[in-house]
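Here come two complexes built around chain A, the first alongside chain B, the second alongside chain C.
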Partner chain A sequence: MEIIQVLSYGILLGGLYSLLSSGLALIFGVLDIVNVAQGAFLVSGAFLTWQIWDLTGIEPILLIPVVALLWFGLGIIIYRTLFVRVAPQGPSMTVLLSFGLALIIEGALNLIFGNKFKSVQTSYSLQSYKLGEINFPAPQVIASLAAAVVLVLLYLYLKLSWAGRALRATAQNRDGAALIGISHRKISSFAYGLGMATAGAGGVLISVSYPIYPATHYEWISKLLGIIVLGGMGSIPGAIIGSMLLGIVEAAGNTYAPQWTILFFYGVIILSLLFKPEGLLGARSRKDSV
Partner chain B sequence: MNNSYKGLRKTALVAAVTALGLLITGCGIGSSKNSDPLVIGISLPLTGDFAQPGGAAKKGYEVWASLVNEDGGVLGQQVELNILDDASSAEQVVTDYNRLINQDKVPLILGTFSSLLNFPASTVAENNEMVLVAPAGGSPKIFEPMPKYYFFAQQATAPRQAEPFVNYILSLPESERPKTAAYATMDDPFAGPVIANMQALFEAAGIKTVYSKVYPPETTNFQPFASAIAKAKPEIIAQGAVFEDGVNLAKGLIQIGYSPKAMFQTSAPSNGAQYSDAIGLANTEGIFYAVSWSEKAPTPMNAEFVARYQKLFGAGLVPEEDAADAFAAAQVLQAAVEGTGGTDNPALADWLRANEVQTILGPLSWDEIGRPQGDFLLAQWQSGEVNIVAPDVAKTSNNLIFPKPAWTK
Partner chain C sequence: MKSLRFTKAKKIAVLFWAILILIPVLLPDSQYEQSLLIVCFLFAIMASGWNILSGLAGYVSLGHSVFLGVGMYTGAILGRETGVFTFYFAPIGMLTAMAFAFLLGSITLRTRSHAFVIITIAILLSVQLIVSNWVELTGGSNGIIFRSPSWARTAGNTPYYYMFLVVLVLTVALVRFIMNARLGAGFISIRDDESKAASIGINTTQYKVIAYCLSAAPYGLVGAIYSQYLGFINPTGSFSILISVYLVLAALVGGKGTLWGPVFGGFFIAFANEASTVFSGGISARVLIMGVVLVFTVMFVPQGLLVSVATMLRKRLAKDKTVEFINQAAIAERDAPLNLNNVKRAPSKAKADSSESILQVKGLYKSFGGVKAVNGVTMDIKRGSITGLIGPNGSGKTTLFNCITGTYGADSGIVIFNGTDITKMQPWTRAHMGMGRTFQITKLFKSMSVLDNLVAPLEKPSARNMLANKMQGEEVERAREILDFMGLSSFEKSNVSALSFGQQKLVEFAQILMLRPDIVMLDEPASGINPTLIERLSKAIKKLNDAGTTFLIVEHNIPLVLGLCDYIHVLSAGEIMVSGTPEEVRNNEAVIEAYLGPDTLLEGLDV
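Let's turn to the complex of A and B:
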């Protein structure tokens, strides 16, 4: 029975991680940008949720479309004003830029909200659902379900819409996509905006599950980077599988040997990379390929 | 007559110029003594993981400087704080104190926040023979190198924080005394020793350990801990928590509905509204924690500290314990400077080892390696506010809640 409980916790955790990491994978897949500011965008989305909830008392989950849309617009602005100038100078410069952005966001959150933890309280914050002896904490269940809904919508959009197909085409072959008239500049800012929209939606979800604090973006980005490396940089399905796997590893570690959880978490990543360096669902790339 | 008049005029002129010169020189000496500020160098974690206590400590230092300067300063000099941000980094804290001491040439320094940061800071202080009075940093590890210049400005070192709670539990009649306990602690140089010492003391008294785990600071998901603890059915749950981990374990226990007879957490419950907002005010009822300070304490300067804090940072705000600890650390340094009549750091260290200092935490004194010799206070959340329940001399309430009431969902 304990194993089932551990698996339940792991899958709930993995569900949340799936959404949080998908945006990071999307941005890398299309833009070759390791967006280390993703954790800061996530935490700032959580703070925005807290602020609106604090002022209005609105159910936070209802804010997903609002925050996601705002972050989408913000993402397009950030890409067009900053990344478009730096991206041609190579991946290391975009890492530096996004790290700088993360620090600026952390500082801004400190100034606006203070160095204090904020908590969103909902009617289900302290509730749990029971199935026999198995507990399902309500905030995690709701966050995971909402993450699944957002991911399905994202999948359908990428699969069925013209913009989605253009985006996938660019991710597969940038030059080929350009040849058939897909503007790299437009699709890049769109991809960055979409990645940020998932951070906005994810921010809403972490606000109902955890106390939030500006500096927590470091913890989030280190986990999310681990997940997309395991899943295969740039692969959204890989990010989802990596999230589930590492969610279960984390829950098992916390149950049986918490002092080794971090080692297990990154150990799984290192082990899998030894056997599959491109990640679970990553594409092998050759430097001499065109 | 004319000559004598000329001579008189010349003498008067010389006298006037001399007097003026003396006056100017005198003023110069005077002004150099009184108008040059006494600069105190401080590194604090104003960003990063410890930004919250670091920000509170900054406020505490600023309140002290404000009150001291209004009262004429220290040894007639106005105090100026030179505060650097160490970004919660152990590497940066070393850079900061080296810069303050060797580049900025500050005559005095005050400590940073957390044992994790004060440990490297103390090595810089030792190497430069500078007194470092620290508002946090009671980990036993800091005292292992036998420091000569490090002074921890709270009542006792970390392991002894557990003692008031242990003493209370062991004072209960045999029939009421809990028989089992669970321990979970962050792998943290402050929180870890508190829980390790508590476990040792309880085990020695016959209270059986049914769960004991250490977790890394990065841990955020505590439902698995809550389930495992509930399965072990302990009557006492003790957690070496910082903040988020304390809140998340409490929430996990509330969600699965397991309430022990007594619950003790380090640090997290001392965060006032942040703690009660996170787990729900009703669920704070009966939770214990050890504390160094209370806003209700009748200690000298405490009322002035609270009033000035509220004047500077917002009416009605209750100062954080971390702010009070920083204020007390500054009081300790001030007492040593005034006691020795200067800023000779080896003399300050000798003075502190030989004298007791009155602070808003109460009287503080130290042994040869800077370990404080007092006792912490035992606090408990009662009806939505915090009361000191032990020791008798510091009590703010004679009521004590045991067993802890069930959680409210």
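Let's turn to the complex of A and C:
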């Protein structure tokens, strides 16, 4: 029974991680940027949710479209003002730029909200659903379900819309896409905005299921980056598989050896790199050499 | 002019060290200043160490302070167990940090990917967690407290000041040594173009791991001293990500990839940090300020302050210099001598026996998704021949090259070179065995001079070779001779990106001759270059071939191929369509059809 409990916790965690890490994978796949600021975007989204909830008492889940849309716009602005200038210098400079952004956000959140843990209390905060003997904490279930919904919407959008096709085309072959009239600059800022929107939506979700604190963005980002390394950097399906796997590992760690959980988490990643250095679904693409 | 500037730079360096050595002597009451300078030294040491991996080899680490923590705890634990001061264990701290880097690097640096930068953050957080939880060894989150030395009351910080200074001097000396050695040239070549580096004999995995270990060494060394200086250590302080922020920032602000940039940056950031503590206080404000400085630096002075200022000065100095006229036609016509022993291996191997194969490809397949780029190629390259490989665009010529040289692994099939099955070997091993190749779009190391590009290839992977000074010894003589032979000697000091595309093609050809190759594989050597240079090129090919070097040439310039080659393979849709002498290929109807369309008559072609 315990195993099933662990597995179901793991899948719930994995569902949330799937959404959070796919934005990161999207940004990397299209833009070749390791967006270290993603964790800070996530945590700041959570703080915004907390602030609105604190003022109005609104059900936080309803804020997903609002925060996502806001973050989408912010992402486009950030890309167009900052990244567009640094992108030609390659990934080693864009990673430093996003690191700088993360620090600015952390510092700003600290100054605005102070160094205190905040958490959103909802009617279901302390509830849990029971299925037989298995316990499902309500906030986790709701966060995970909402993450799945957002992820499906994102998937459909990427699959069906022109912008989604253009985005995938750019990820596969940037110059080829430019030749058939896809503006690299526009699609790049769009991709960055989309990636940031997932962080906004994710921020709402973590605000109901986790205590929030500015410096937690380091833990988030290293977890999420670990997931996409495991899954194979630019691959969204890879990110989802990695999320599920590591969600289960984390749940198992929490149950059997709580103080070592994070170590299990990274241990799995490092082990997998030993056997498959390019990640589970990562392929060495043609552009790597030539 | 140049030598004058050199001595000036040297004078500044000597003055810098002299002032630092004399400060405690001249100002005995300067405890505060010394403690501030100790922080400067620490930041400069860390930024310089980081620079080896991230500045020279181009692999950014965002969790490098983990090695400081490793050094601190190594010293602290050994000190606690033995009852002596932690700084006596500084060398052991260094070795521990290097061993740790070796272990991590062997896992995370095997591929060329961005996974590394990500793993570095995870490693920092993981180690912090281990140290917090392994209470028996580390004292857990309570940390470890040390008794202070008896001299601390009278001598204050001064002994520490000198310890940190010594480590700084050692670190700068290490970076200087690396930058002057061929090892450093190898690091930079990885930063500029990793797959190219592998093709000229640089074992990129090994180099990256070495860079990682060397960059960790100063951290381990200074860590054991630092823990005694602090008097108390705990996991959150020793493995703080903020230290990583400071050191990255220091290297970047000063100028990564340079010798003095990170030192300057370390001082700069230490002073800035002190100022922000004095004036604003709170750690939140400091994080914010560091973030702003980082973003600002990346956006506006990505080269770093020191480099930007130096570039500005150099431009001002160069303003009045006249531009030198280079008579390219005269150079192209001049015949420079070439000692053939300098471009080929011991004669026993290179003996031209036309019946023997030097390179055999058997049933080679390679596909990308649904595209079968190479679809079952079998061919035999005779020793001492000049073999042409022609075919329409997209027929798989370059992919075949990449499979032969190991840039890609083939899906199936084998490649035999000099009697050895090399199918599973790494590109650098193939280069060491005498295989040299150029690229369709030249891949030279764009941040290096022409001469540096020539000394970068590693013919033999010996430690002596790697540690040798890159600008001394017979390698440089060889490089100069080959450049002269190619008519490029007047460009020796130019940056390769200042050269025309055709000249770059010749430089790349010259570069692979440094490997003393048995076989030279040229990918479209004549495309985009002018007739004078083509002339130069074919002369060089013929001369080397006369001496026994085998050539395999992909080329679209049909007259050149027909004139130069003994034997030609025609590739079409990933398969060999026709093979034969130039005469046979020229008259083959299928070839004519593939190249010129069905209705074209050969008479119209001027060959």
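Note that the second predicted complex is superposed on the first by the 283 of 290 C-alpha atoms of A that agree within 3 Å, B and C clash if a C-alpha of one lies under 4 Å from a C-alpha of the other, contacts with A are read in each partner's own complex, and residues count from 1 in each chain.
The rule we apply is simple: a residue touches a chain if its C-beta (ideal position, glycine included) is under 8 Å from a C-beta of that chain, and two chains touch if they have at least 3 such contacts.
The structure presented is a predicted model; accordingly, all values stated were derived computationally and were not measured.
Undergrad: Do chain B and chain C fit side by side on chain A after the overlay, or clash?
TA: Aligned on chain A, chain B and chain C clash with each other.
Undergrad: In this superposed model, does chain C or chain B come into contact with more residues of chain A?
TA: Chain A has more residues touched by C than by the other partner.
Undergrad: Quick check for you: in the superposed arrangement, does A:279 touch first (chain B), second (chain C), both or neither?
TA: Once the two structures are laid over each other on A, A:279 reaches chain C alone.
Undergrad: One more residue to check, A:110. First (chain B), second (chain C), both or neither?
TA: both
Undergrad: Per the contact definition in the header, classify A:149: touching chain B only (first), chain C only (second), both, or neither.
TA: In the superposition, A:149 touches no partner, neither chain B nor chain C.
Undergrad: Name the contact category of A:101: first (chain B only), second (chain C only), both, or neither.
TA: second
Undergrad: I'd like to know which partner A:163 touches here: chain B for first, chain C for second, both or neither.
TA: In the superposition, A:163 contacts neither chain B nor chain C.
Undergrad: Going by the contact rule set out at the top, does A:36 touch chain B (first), chain C (second), both, or neither?
TA: Touch status of A:36: second partner only.
Undergrad: In the superposed arrangement, does A:226 touch chain B (first), chain C (second), both or neither?
TA: second
Undergrad: Is A:213 touching the first partner chain B, the second partner chain C, both, or neither of them?
TA: first
Undergrad: Just chain B (first), just chain C (second), both, or neither: which does A:11 touch?
TA: neither
Undergrad: Could you name the one stretch of chain B listed in 6-14, 24-32, 60-68 or 114-122 that collides with chain C in the superposition?
TA: Clashing stretch: 114-122.
Undergrad: Is there a shared patch on chain A that both chain B and chain C touch, and which residues make it up?
TA: In the superposed arrangement, which is not itself an observed complex, chain A uses residues 106-107, 110, 115, 218-219, 222, 259, 262 for both chain B and chain C.
Undergrad: In the complex formed with chain A, which residues of chain C make contact?
TA: The touching residues are 54, 58-60, 62, 107-108, 110-115, 117-119, 121-123, 125-126, 129-130, 133, 195, 241, 245, 248, 252, 282-295, 298-299, 302, 368, 398, 402, 407-408, 439.
Undergrad: Could you pull out which chain A residues touch chain C in their complex?
TA: Chain A residues touching chain C: 28, 34, 36, 82, 85-86, 89, 91-93, 95-97, 99-108, 110-111, 115, 218-219, 221-222, 225-226, 228-229, 233, 259-260, 262-263, 266, 269-270, 273-274, 277-279, 282, 284, 286, 288-290.
Undergrad: Using the touch definition up top, name the residues of chain A that touch chain B in the complex.
TA: That would be residues 2, 5-6, 9, 13, 106-107, 110, 114-119, 121, 125-128, 135, 137-138, 140, 210-211, 213-216, 218-219, 222, 250-252, 254-255, 258-259, 261-262 of chain A.
Undergrad: Chain A touches which residues of chain B in the complex?
TA: Chain B reaches chain A through residues 46-49, 51-52, 54-56, 88, 184, 187, 213-216, 218-225, 227-228, 231, 243-244, 247-248, 251-252, 254-257, 271, 274, 277-280, 283, 407, 409.
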